[in-house]
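The following pair of complexes shares a single chain, chain A, combined with chain B in the former and chain C in the latter.
Moving on to the complex of A and B:
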């Protein structure tokens, strides 16, 4: 207690210097918080966009379908199977899907496409496909009056085939049993934009796609949305144990390229912050060292009346920690409203950034405990490190020499 | 002395030339024989005109599929194949005229020409390539032939000529000497590794001709895959075949 009182009095002795030091640390802290908030926030935004767009939080395949998609690698799609997955705690929705590359014809034109068979009702609950319909009507799995099933096209397919709503689309592919899959469909909707993931996709209702591919009762993928996106790791684990015959991948593995570059970017970002904080703390070191040198005589007296070296080093540590705490207090007061604004409004980007076909126009921040806590720990850690050299110096002071000097 | 040497040399040269000539002669003769044999083999199933009912079974580790089809042949150049079952594939047809090939899909009412780049691609998901259907006839024209006789078999080794466009480095064609029917064909790649084998088994009498009724294509680089072709019937004097069967118009006709 005495030590605290002593430390408090000491830092108040040179008020101007204290304030300046506190301010420089505050600056470092606020900068860290903002940077954390913006990177985490904008990445979280991107992740939310593509997980909701088509990836889902968790994907389930058979064997190595994710790495080597072969049309015959299917999951037996039974109601029990779906129920078993859906009933896992934390799973919000499930969408079965079928994929295959195909050649699309219309009139004299043709183009390679990717067929995606989706359950019209379940897909609505898991991805934003329904919201991405820009023209026409979201499809269902019923025959139209002329006896054709409907298909939805990505804008790229519609443009290269020069077809529109109501036109015929011919698809040719290889079925899961090696036969030639071929059929005619009627375009009922155009989905997505020129940059979106769907630009070369053709969506068919699940049952129609299964019939097209002779892939009855099977699907290639279950895409899952979770109630809590942060629980991905845990739920992946529990699903993997519940489904030993299938392969369960979190979005981090499905979108491994994105995830790895995101992690690399974050690491690079943190390293830059580390350097900035380091520079701030060179200034802090200077301050602490100064105050120690000024007080050599006082430390000599303290030693002479029986203070242990550890006590004196502790005194320096407490002083630095007090400075750091004050700056953190000020820092939180300054950073909190700014970050709140970032999280709620965000910075409008003059040109929306296109990340793998996903556009985002606002750079929004993240408002969470982590955003404030991690920089806090960083500052505290640096404060401790920085108080070591002056502390040692003060502790080693010899009373006779200290009191002899002036 | 000079003259003697000269004379001796002359004799040597002449003898050597003669030897070479004799060797060349026997080589040509064996090549001729080989060519005749292969031509006979290739003609066996075709005749001048023929009509066959074929069952094709495609076996892979993942699935098994059986198709019934009708195959019409006219000489060595023209062929017409139409799938009769399963229902899903019924009516899918292939027309081959000389070196060109088209597939017709009735469901989408579309004729698609098989481009040269797809010639080594699978025909209807089987282990036979489009090329197998088109190019077989020209084996004797585009390959150098070497004949080896054993007690029971003729083995003809076909090596592609320099201008031949093919993926095979060598083909061994084994023929039964007594029955004069093919027994097997082995296909090798450029590194002399056998990549697929075609076996002919189960001799059956088709209106007076004894022929292997079962063809088994085994791609050795794809374990678990094979395609069986079974000739259910083979008619060498069909009455209902005419030139008009081998036209693009007929390819698209409903049936």
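Moving on to the complex of A and C:
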């Protein structure tokens, strides 16, 4: 307690210098918190939209379908199978899908497309497909009055073929049994924008796509949405255990390139922050060193009367940690309302960013323990590091040299 | 076997080398017995302070042996010598050297904190020490609120607080006026007589020398006269 008192009184000796040092550390901390909040908030948004747009949080395939997709690599899509997956704790919804490349015709025009067969009702609960309908109406698996099934087109397909709602679309592909698959559909909706990832896709109701591909009772993929996106790893593990014959992948593996580039960007941001904090702490180091040099005689006295070198170094560490703690206290008081505002309101972007056909008009922040705790750890770690050189210097003070004589 | 508090055997301390070699202490062999009130006297540069540094474990001899309470203090690590000073030696400095941000009580308490003495026992001993040096009512004052004489009394109380084997004082009255210096010496002498505390101090002051029970006279780093009274 006396050592703490001594340290506290020491940092109050030069109050103006202490205030300036505390403010500089506070600035560094607030900046870190803001950066963490905006980075985490933005990426959380991106991940939420990205996973809801097409990957889901977890995907289940047969064998190596993810790496080498073949139309015949299907999963038996039984009610029991779906129930087993859906009943796993943390799984919010499940969407079965089939995929195949095809050639699309309309009039004299044609274009390569990818057919995606989705369950209209389940897909609504798992992805944003329903929200992405820009023209027409979201489809269902019923025949129209003329005996045609519905198809929804990415805008790229509609523009290539110059067709619109109500027009006929001819699809030709190869069935899972090797037969020629071809049929006529009526366009009921256009989805997404020119920037959408699915601009060249044709959506069919799942049962229609299965019939088209002669792929009865099978799907290529189950896409799962989880209640908590942070539980991806744990639930992937439990699903992999529960479904030993299938391949379970988290979205980070499904879209490894996207995930890795996002992580690299995050690391870049963190590194920039480290440099900023490092610069702040060079100033702090200077302050602590000055304080040690000014008190050389006192350290000599403390050593002469029996303080161990480690006790002297510990005193410097305590003083630096006290400065850091004061900064963090002030920093939390300043940062909390700012970050809360960013989380609740966000910054309106002058030019909205289009991401996968979804526009971001606001940059929002994340308000979580981590946003405050990680920068705290960073500041504390730097505080410990910068207390080492002055601490060693103070600990090595020779009492006779420090005091001249007694 | 000896129960000497300090024993030096042919201790030398040289600074520099070649033409700049300074023989600050040369072949000094002395023994200080418990309860002695010893003054080391001599002109400036005679080696008094260097000898006190050596016997206080603040400096290492170039050659020779320094034993404190039967322990050779050469070759101790930084932490060992710190612990040894803390438990066996009390220091009184010419410039008082109290910690300015601690009160008189806290300055005295600090050394006991280093010794690991529990809070209540520390505080009780602080009061005892303040009473011994006649500063009962001034414990809460910081050094800058005390006169030079009062600060030096606090320094004596601090030196006593750890129950050392010996108190070393380098020119303890040099910064005090004559009256205050004699009053301080009376306190030290009283502690020597009533508590059998061993004191070794350096001084120029004739009046102070006259109160010592032993005078060690140094010149040019060597002991030229050693007189017990």
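Assume the second predicted complex is superposed on the first by the 398 of 406 C-alpha atoms of A that agree within 3 Å, B and C clash if a C-alpha of one lies under 4 Å from a C-alpha of the other, contacts with A are read in each partner's own complex, and residues count from 1 in each chain.
Heads up, the rule we're going with is that a contact is a pair of C-beta atoms (placed from the backbone, for glycine too) under 8 Å apart; a residue touches a chain by one contact, two chains touch by 3 or more.
Model, not experiment: these values are computed from the prediction.
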Chain B and chain C placed together on chain A: clash or fit? fit
Is A:369 in contact with chain B, with chain C, with both, or with neither (first, second, both, neither)? neither
*Is A:172 in contact with chain B, with chain C, with both, or with neither (first, second, both, neither)?*
first
_With both complexes overlaid on chain A, does A:183 touch chain B (first), chain C (second), both or neither?_
first
Rounded to the nearest 10, the angle in degrees at the CA centre of chain A toward chain B and chain C equals 140
Message = According to the stated criteria, A:145 is in contact with first (chain B), second (chain C), both, or neither; which is it?
response = neither
So in the superposed three-chain picture, is A:301 touching just chain B, just chain C, both, or none of them (first/second/both/neither)? second
Chain A contact check, chain B vs chain C, more residues touched by chain C
Quiz item: Given the touch rule stated above, what does A:348 touch, chain B (first), chain C (second), both, or neither?
Solution: neither
For chain B against chain C after superposition, the smallest C-alpha distance in Å amounts to 78
After superposition on chain A, the chain A residues reached by both chain B and chain C are none
In their shared complex, chain C is touched by residues of chain A numbered 1-3, 5-6, 9-10, 12-13, 297-298, 301-311, 399-400, 403, 405-406
Chain A residues touching chain B in their complex are 72, 105, 170, 172, 174-180, 182-184, 214
Within their complex, chain B touches chain A through residues 58, 60, 62-63, 65, 88-89, 92, 103, 105, 107-108, 110, 112, 122, 124-126
Listed in rising order, the residues of chain C that touch chain A in the complex are 49, 52-53, 56, 58-59, 78-79, 82-83, 85-87, 91-95, 97, 99-102, 106, 109-111, 113-115, 119, 158, 162, 168-171
